Amino acid sequence: MAANHHTHETNKPHRYEGPKNHLITFAVSILLTALAFFAVMANLGKTFTIMFIVLLAIVQAAFQLYVWMHAKDRGHTYAKIGIFMGGIIALTAVAAVVYWMWW
Amino acid sequence: MAHAHTVKRYTGLMDWLTTVDHKKIGILYLIGGGLFFLLGGLEAILIRIQLMYPQNDFLDASTYNQVLTMHGTTMIFLAVMPIIFAFMNAIIPLQIGARDVAYPFVNAVGFWMFFLGGLLLNVSWFFNGAPDAGWTSYVPLANNEYSGKGVDFYVLGLQIAGIGTLAGGINFLVTIINMRAPGMTFMRMPLFTWTSFITSALILFAFPAITVGLVLLMFERLFSANYFDVAAGGNIVLWQHIFWIFGHPEVYILILPAFGIISEIVSTFARKRLFGYSAMVFATALIGFLGFMVWVHHMFTTGLGPIGNAIFSIATMLIAIPTGIKIFNWIFTMWGGQYSFNTASLFAAGFIPTFVMGGVTGVMLAAPAADWQYHDSYFVVAHFHYVIVGGLVFGLLAGLHYWWPKMFGRMLNETIGKFSFWTFFIGFHMTFLVQHFLGLWGMPRRIFTFLENQGLDELNFISTIGALLMGVSTIAILVNIAVTQMKPRNAPADPWDGRTLEWSIPSPAPEYNFKQIPLVRGLDALFKEKIEGKKEMTPAEPLGPIHMPSPSILPFTMSIGLFIAGFGFMYARWDFDNGFLDAIFGHYIVAGAGLLITLVSMLLRSVFDDHGYHIEVEELEKEVHA
Amino acid sequence: MSATHHAHGSLPAEPEKATLEGRNKILGFWLFLGGETVLFGTLFATFLGYNNVKGIGDGPDPAHLFDLKLVALATLILLVSSLTSVFAVQAMHRHDKSKMLLWFGVTVVLGLAFLGLEIYEFVHYVHEGHTFSTSAFSSAFYTLVGFHGAHVLFGSLWIALLMLQLVKKGLTVVTAPKCYVAALYWHFVDLVWVFIFTVVYLMSKVG
Amino acid sequence: MSRWKQLWRIVPLLAMLSLLLSGCGQENLSALQPKGPVAEKQLTLITISISVMIFVLIVVFVLYAYVLVKYRRKKGQTEYPKQVEGNHKLEIIWTVIPFFLLLIIAVPTVKYTFELDKDYSKDPNALQVRVSAHQFWWEFEYLDQKVKTAQDLVIPTGRVVSFHLETADVIHSFWVPALGGKKDTNPGMTNYLFLKANEPGVYLGKCAELCGQSHALMDFKVRAVPQEEFDRWITAMQTPTKEPATELAKQGETIFKQSCISCHAIYATDDKGERRVLGGGAGPNLVNFGNRETVAGILYNSDEIGGPIDPEKQKKNVRDWLKDPQKIKPGNMMPNLQKVEGSQMEYVVEGGPLSDQQIDALVEFLVGQKQ
């Protein structure tokens, strides 16, 4: 990955992008939030519900990251690496505290 | 571009307070970190004098705990990290062929935050005593109930310094990603730049954890939160997790740049390219990643149970593999080379075996069942001083002698340099080799004294003598600097027959670094030109005016604001016995005023754009002959 | 490669990426968000440490305390504000300053509305005996949610300030990256809320 | 070959090192002279890993010494040496070999980590002792025997002792290097640790987690005795001491009951004239105090560790302690009995300040606390 190649990639002329994807993301967000809400109301069992709603949150976050925050566009390699690493480390911390704080 | 020509240049003190030049900031970091190193070293000497004899009463128990805490905290956060930042600032832009860092302003903010945060921490000596709960500040010992006011200084001082470090880390990540010269691909970057890159990434991901930790401790101590109060459902292990989620990556933040420095020096003085360059890069990244997955090895005796202990034990041991790759690659860089000895290369040569000795004891510590014997004993003290002093400090001293001409334009004295190497090397091993045995023989760490008749007397005495020898060495280094400073500024551009870009420009580097951005054609860019018979780099652009950022006092005022706010928060609930002081602290007026100074500075920065100024071609031509 | 070279010329399609300074700013900001992820991760860990396992301590049971209706409304507000900040950035790409101001304005108003709700909620909880110092759990709760609230507050002020700059200086290659970055920040704050909504509020009602 | 010659030079050095390793350290304190199966296993693990590490060090040092000697720059070398990029075969070797070396350590590590973390707290054959750590002293409660003591832990040899580790204040860590260890005492939680002594003896115990000013002085003693002697000791602990014989000691008991008993438990005569354990638990339990190895865990009553008690020494120790406890253990919770210039302990004990004569009475009473 050459340096000039990199500057090049961010300089690509940009097509004007309509609001369609953004609106879809909005609809997805609302939908997923509502779904999580109903999943909790529906009493599907503790472990399942928790896993399910956390999964929904992750999906929604991914949508927002990729569409609203443009992580899907070119020139976002480091942005994605940054968020992804941050996420892994955050998750490790959460998992550790949940498993190894009380015994 | 009518407005761009008003050149604002300050001189004297104002110049240093307002500078946004990465090379000057590098020097500021070196001075700041250097002063704190002397302070931390002095504290180490006090520790060692107290432990010279059994039941010595040179320091009392309470003072000892303060000295101990401040020694660890100062050394880690305020001495070696800033010195690392000094080299990153002074060298990275030069190594990647850049005129500047990505955010000159933020860079200055980073320095001042570190410096004032460090100052805040250290003025605790003059107020209500220094922090005394160890550099790890385990709760509940660090809660109000069991420790002095000093821990507030720890919390706020480190918080401010930490924000500065984070800012610096992001600056270097972006600089390295976006500011490389044409042809300087990632896989052509010098290893110091690479390791600093990974270190910056570790800073980015590790410091937020300690930020949260310090916030929790601050709220617990100053605002009656209850995270760590067992009676309120709190749990003290949380602090240990958060501290070490930060703390372990922190030790790799420290050591990786030293690996980089050693790689540069070994390769330069062996006159050979680095053996296994790609493996070195890969190993660095792997160490960085694994570094986040092993923190529980500091908590083997906390009682997490065998499953957790075993998992983190194996993860920890794995780090030996990429580190070993580095060690062997250095040795094989020298293999078939022509290693020559001067102060810089001696320190680098001393690094390799010494660091390995520290590393292998690390792997020993990684075995939980055995660590139950080592933990919190002098064996651990020996381990981490072997990696930190024998590793990192050797690396930094090597770097100091290596890059001194580039930073200051003068060559350090070799005779004094060699003297300081040998005294440091011998003193170091004398101090810390015996501590392994002290630990195994049953001496716990963090004790202000030990009883006689426990078989610990002789080794402690030897250890103290060694520390004094390191003190002699440190003084020799200071003398060397003073002597050198009195000599004329006549260092050649390339005193060591260097291989990387920083040696292609004058010593010290001009403020714009490269008159023309160089075109990089391979690894060891300068060396590549040299063997093709060229004297200097091929420029990648025609000579033209160079845009420079303006100096600014705002980084300084921002940090001063936080410094004041720190005091305000600490003493908000304090009884001064003085109506006026009680009023202004008690109503958060001081805290608010401090924050206001910071916010207004930020606002000013945001509202008034910095157009910078240009250095014109005529000026550039002139400076070449000057 | 200076900002000033472009400042007065015709604006490129993506003004935020036209200068090296702008690109640096965006990249650095993304990385900063990576750090923020760890920051919030640690706060979530703290919260979960006290929520999930044992040690809830004194004070009212969160399962009864938390009012999901209010939180759902807050969620909606924040989601919409995220969308409006997208619109602002799109307007920026069309070089439509007044639409930009409009959408950013809506974003700020929604942000403040969210904050209002949150303050109302906190006051209510405190009346119920769920104060900052009630228990480890309550301390962790206020720290996590409060940190997020502080982010919303900061974001609102920041975007408001940028609107002022837009009015005064216009849309240039200097102001554009700032606006883009502020929008990124706003999305991130919204994204964190998605997890707070899930982990703090919804999960308190599970089981 | 010169490389092998280099190796031989290191051998005497190594021999010295291992001598230092095995022969030294004080018996009863050193982790290298294990006196029980836990410490023995830990030493095995330590030995395995040290051997691997010494092997690594030899390899690195020999290679390195060779390189430093052979490839230093010589006069007249102006040409650059050959620029070598790397060598895949070599790189694979130094990735794979360390991996296997690690395996040698990892297997026993995992095995012992599980083995030594076994929970004996429900095992009827194990002696159950609750350890309660305080700033800066240790309390030991024999759960089945209903006996409490402080500073001196008495255990039977050849029997697993299961410790229930707790704390009254901050984190401490329970460590007896010669028997094995260690584990933290965490507020609000109980940790379990088991140890076993092979042979009779007195082993030194330490606090291994910074716990405040006198962390350094938070020592305790483990006296391992044969089972019968242990049983006798338990019986002695359970049997009330006799009324003090001398006037002085009687006076001492009166002062004790007035000034000390709110914190310290001891056998004394209650209102009904019955002798039983009276007193609070905020300070160390003083039952059988006269038989303790030390005063305050650090002032030795005998000339050598585990030796017979020297009554004069013991009296002096008790008196020194009572006259200025802050000097001996800075930051401890015990109030002053007399006025002490510049003491960091602000208050003086209830009924105090005591005269020198009263202190003598207390000393007399306390040293008499034994069967």
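Every chain is named by a letter (A, B, C and D) in the order it is written, and numbering of its residues begins at 1.
Throughout what follows, contacts are C-beta pairs under 8 Å (C-beta built on N, C-alpha and C of every residue); 3 or more make two chains touch, one makes a residue touch a chain.
Please read these numbers as outputs of a predicted model, since none were measured by experiment.
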{"item": "Top chain pair, ranked by how many C-beta pairs fall in contact", "value": "B-D"}
{"item": "Chain nearest the overall Cα centroid", "value": "B"}
{"item": "Length of the line joining the C-alpha centres of chain A and chain C, rounded to whole Å", "value": "15"}
{"item": "Computed distance of Cα centres, chain D from chain B, in Å", "value": "36"}
{"item": "Computed distance of Cα centres, chain B from chain A, in Å", "value": "34"}
{"item": "Touching two or more other chains - residue numbers and ranges from chain A", "value": "7, 78, 82, 85-86, 89, 93, 96-97, 101-103"}
{"item": "Chain D, residues touching no fewer than two other chains", "value": "189"}
{"item": "Per-residue overlap in chain C, given as positions that touch at least 2 other chains", "value": "23, 27, 31, 34-36, 38, 42, 45-46, 49, 54-55"}
{"item": "Chain contact graph, described as a line, ring, star, complete graph or other shape", "value": "other"}
{"item": "Touching residues on chain C, where the partner in the complex is chain A", "value": "13-14, 17, 23, 27, 30-31, 33-38, 40-42, 44-46, 48-49, 52-55, 68, 72, 75-76, 79-80, 82-83, 86-87, 90, 93-94, 184, 187-188, 190-191, 194-195, 197-199, 202-203, 205-207"}
{"item": "In the complex with chain B, residue positions of chain C that touch it", "value": "1-5, 20, 23-24, 27-28, 31-32, 34-36, 38-39, 42-43, 45-46, 49-50, 54-58, 132-140, 143, 161, 165, 169, 174, 178"}
{"item": "Interface residues, chain D side, partner chain B - complex", "value": "20-21, 24-26, 29-32, 39, 41-42, 45-46, 49-50, 53, 56-57, 60-61, 63-64, 67-68, 71-74, 77, 80-87, 90-91, 94-95, 98-99, 102, 105-106, 109-110, 112-117, 135, 165, 169-171, 173, 175, 177-178, 180-184, 186-189, 191, 204, 206-217, 219, 298, 304-305, 330-331, 344"}
{"item": "Interfacial residue positions of chain B with respect to chain A in the complex", "value": "177-178, 180-186, 201, 204-205, 209, 235, 237-238, 241-242, 245, 292-293, 296, 303-305, 308"}
{"item": "Chain B contact footprint on chain A (complex, rising order)", "value": "1-4, 6-7, 78, 82, 85-86, 88-89, 92-93, 96-97, 99-103"}
